[in-house]
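In the two assemblies presented below, chain A is common to both, partnered first by chain B and then by chain C.
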Partner chain A sequence: MSLVEELVLERPTFVQRVRRGDPLIYVLSGILILIVLCALFAPFLAPYPPNQGNILAANLGPSSAHWLGTDQLGRDILSRLLFGARLSLLGPSLIIVFATTFALALAVSSVWIGGWFDQAVARLLDTLFAFPGLLLAILAVAMIGPGLLAPVIALTLAYTPYIARVVRTVVLRERHLAYVESCQVVGLSGWQICFRHLIPNVSPIVLAQATIAFGSALVDLAAISYLGLGVQPPQAEWGLMVSDGQSALLNGSPWESLSACVMIIVVVLTVNVLGERIALRNEGAA
Partner chain B sequence: MRQLARTVVGALITILTSSFIVFAALSASPGNAATILAGNRATAKTIKEIAHRYGLDRPFLTRYMHWLSGAVHGNFGISLQYRVSVASLLKPRIGSTFMLITMAGIIILVLGVGSAIVATRFSRLNMPVTISSGLFIAVPTFVAALILVELFALQVNWFPVLGASSGSISDRLWHLTLPAFALALSWAAFVAQVSRASLRGEANREHVQTARGRGLTESQVFRRHVLRNGAIPIVTVFGLTVAGLVAGSVVVEQAFGIDGIGSFLVQSVAAKDTNCVMAIALILVVCFVVVTALADMIYWLLDPRVRSGLSR
Partner chain C sequence: MDPVLAIEHLHVELPVRSEMRTVLHDVSLTIGPSEALGLVGESGSGKSMTARSIMRLLQPGAATTGTILFEGVDVLSMHHDALLAFRRRGVAMIYQDPRAHINPVRTIGDFLTEGILLDRSVSAAKAQAKVVSLLDEVGIPDAKRRLRQYPHQLSGGLLQRVMIAAALSEEPRLLLADEPTTALDVTTQEEVMAILDELRVERSLAMLFITHDLDLAAAVTDRVAAMYAGVIVEVGDAASLHTDALHPYTVGLLDSRPEFGTRVRARPIPGRPILASEAPPGCVFAERCPYVTELCRSERPTLREVGGRFVACHRAEELRGTISYARTQEPR
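On to the complex of A and B.
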């Protein structure tokens, strides 16, 4: 065991491998971290409490008192945008953490065990893949009731095959590389090889796929809230804010809807490009 | 022929399995159908009577078989919300949804594949197409809907704000233009990216160089050699896209107030009208499966290697 570690070349750390000297990755991660910090410190950053409204000051445009104006109940849009980041990011994060874990477990075990198990998993993933996550989420709401729980469970189910398919092909390629065999010759158990060598080696690709999936999950979840089936008022969430501000938009004050739209686009765009960049950087080196 | 039979049987099995899952999931949902049908002030006895009258007290499998055989004949039971047959509620709504999805599909084909072709033929346009498709792919359907309304219905009065219209065909198309574009935008960008990658990959292959060397004109090379081979992944992705459009139509219909089956699904979920939800879910599942199977078959027609069983 110790012999192996001494002989093996030094492995770059996870963070080193993910970046591989791409400046865009630094910039995009910076934007994401900034948004997450805004969400975490919303109570300190927001100029007003998110649910405090003055009905006499409704649908105002941007001013020095309200940087992004007020919504139809006179609540400060900037404050609601900051607080809304919490639920808007929490939901997709949960989905992606669970889906990635399941996907990795399914992909690695099916490749490792092979045979009928591999076939069964592949068939299961193909069947699940056929159904759009949004529809699955709506049906889950019909079953469990409105809120975040039902869509999060449904979208976890929907995104597992989405991630697993890509991970499976990468793991399959990795499985037949010489180092896996040499680990076996040295006498490492399957668990040790998978957890210490195989999974760390495929992790950048997994991260890339999970990052891109995060964007889609955010869109699906916001759409559910937009339809009135997810996060319920008066809580702040971006999808809900888009639908909340729709009547104001039709009456000439588009600030609430448009600012929430911009936040969604910014996050999805950042995450998409970041995921693609990470994947590109690690294509040959998985 | 064997391939064809396998696709059809696979599709039927998927439809059967998902119909069972839909029924099992929703018939066990809170807000028992009999309780809703009986109304607020019903006694336990009336609830029981109603459950008996509609066969809700029979065993689960019997109810499932009954529902499925009804569904095959287009009978989905009665709506818990409106007390009329589900089929009579769905019939007038299916038309709008179908028109919306068809329009969006055409827009996606023209814009998505078109821009990919343009980007491959004229390398100067490659960058703009790449950037704009990368941007539009990040715009969710409902966001696109609001931005299009703000730009084209409020800032300049080119299109109506709401998609509801019962007039002539041309008037309906007119009202559906903005919704169709909202629905199509991000999918068109997705199709553009996939098509561009596929066409570019094909354009660099050796057989294309050979064709050029044989003295064919550039447009002949493109049509016969690049487009024909590059179309195979595009077809696969387009099948996936249409399935996504069916789900996305739910959001667009809600955003523009179009009275289609998508917005009716949301309304039925909110009202706990399980009979309507099950019916729409089943219809949508059948749509997906049929679209996916069709894409499989076209793939099979386009790719002679798959047909003769050389690959796979």
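On to the complex of A and C.
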């Protein structure tokens, strides 16, 4: 085998592929992984328990004892930020995992079955589209009660059509590629073709879409908490911390609201740019 | 002996914008065991539609009447499991464009073993061994390395051989080859055709060979059917159809071939090919036929036996051997 053939024909090794990849994707993924690790290991990283307060040491600015200061109940803001990452990330993750699963199931089945079923699914998604996510969430909270569950259910419903619409277009295009027909000719059943070929082949685009949706789900969920409809005190959550810090903000101590806002912005920006870069990479590959 | 495939009075209509359009009209064909039948015709004449009908791959909403008997069982009325089994083990298909028909992000090995592994009693190692020997048979050396490669790393000719290997992997009884060499260059075409022919004869496989190349059809098939506007106009053994065509359309196809080594121009059939949905009530070829009569325009001829062959032409006997097309332009 000649050198040229070797270079052209052989599958690149893992290291080669990493080197050829988009460096920004690695950097952003690194940031996200770091934040997730912080959330997971919060009990070991946090200098104080999140709910231990000292009313005599309330509304303090940053110091060597409290790096980000304390809130109005004298609780350590850094500790609450670390613990708050758990619920703040868990919520949107659940929403996106469920919404993407439903969206994929709806998109693939409607494209595969076609006809009236496709029409029915399209109308159902249109109907869901008509409801703003926040409104659905408020309705769900009214029915189920405040906490993480109600907003997660409501926002899953709200995000499913958002993801499904894009995924359906992609699946439809993929389904009419000739290789799907040759799978049918080999005698693969519809299930086998969908799970072994269709879904894996559209997964990069679904991933990009889900990543971008994660950012807006996080903001929506934080907004719900901010309104007091989501996670309830004394639990730590970023959206809740933003609203919690409001009175302190007016008293000239911005650290609680500010640090929570910064965390939300960092995560949202990271996933948005990450999603865009993944989408861009898909285009390059297509 | 019973035919492997018997198509009787197949009529297919497809929905095109809320309207049903005929694509095949009263098509009847039989393919005996280990027989190769060529199906020739211009683009849009319904050759591929015939193959797709056999595979039950027509779009949803298609209206099909008639019967397609595979080893005596009607394909059109098969239920889900029977249809899967028929596609899996009864029949295999080779396409014009192998690159489009293989999942681009899966390896050649995945593609080839997928069908074999549908049978759960076959181990992965066994499937791979089988595939390696198949690749060897279709003339792909270094098969183990090829199995790890992706479709984009193989040339068109190699991919078509992979396609042939895939088609043979399930030991089908019938092979549908839809212009398998059209997209290849001439030398590769010849190699691929030789491999296909050899493996087919070796396995005594029945084949429906779809092409627009009459010479190729005559070379590799036993019988040839000529198709025009969704209708079969002539069926006969390959050699005599090639030398002594009965239907004016078949003669026209033969005359349209360029002759090498002479300055004689090819004599194309005047007019343009029509779609099956545009067919007049009379003979489908009436508009372009130089020998058209009133009868041809009013009554559609059916296939009837003339000199051991079948032809759908009212004037077959009287015109036999005399049909020729005027040259549209004198050679320079």
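FYI, the second predicted complex is superposed on the first by the 263 of 286 C-alpha atoms of A that agree within 3 Å, B and C clash if a C-alpha of one lies under 4 Å from a C-alpha of the other, contacts with A are read in each partner's own complex, and residues count from 1 in each chain.
Here is the rule we use: a residue touches a chain if its C-beta (ideal position, glycine included) is under 8 Å from a C-beta of that chain, and two chains touch if they have at least 3 such contacts.
Since the model is a prediction, treat every value here as computed from it, not as a measurement.
After superposition onto chain A, the modelled positions of chain B and chain C are compatible, with room for both. By the touch criterion defined above, A:G252 reaches chain B but does not reach chain C. In the superposed pair of complexes, A:L24 makes contact with neither chain B nor chain C.
Applying the stated contact rule after C-alpha superposition, one finds that A:L177 touches chain C and leaves chain B untouched. In the superposition on chain A, A:L280 makes contact with neither chain B nor chain C. Put chain B and chain C next to each other and count what each touches on chain A; the higher total goes to B. In the superposition on chain A, A:A65 makes contact with neither chain B nor chain C.
In the superposition on chain A, contact of A:V97 is made with neither chain B nor chain C.
In this overlay, which is a superposition and not a single complex, chain B and chain C have their closest Cα atoms 13 Å apart.
Comparing the two complexes, no residue of chain A contacts chain B in one case and chain C in the other.
Across the interface of their complex, chain A is touched by residues 14, 17-18, 22, 25-26, 28-30, 134-135, 137-143, 146-147, 149-150, 154, 161, 243-244, 246-248, 250-251, 254-255, 265-266, 268-270, 272, 274, 277, 281, 284-285, 288-289, 292 of chain B.
If you check the complex, the residues on chain C that touch chain A are 55, 57, 60-61, 84-89, 92-93, 95, 97, 100-106, 114-115, 118, 148-150, 153, 166, 170. Against chain C, the residues of chain A that register as touching in their complex are 8-9, 11, 114-115, 177-179, 181-189, 192, 196-197, 200-201. Across the complex, chain A meets chain B through its residues 127, 130-135, 138-139, 141-146, 215, 219, 222-223, 226-229, 239, 242-243, 246, 249-250, 252, 254, 257-258, 261, 264-265, 268-269, 272-273.
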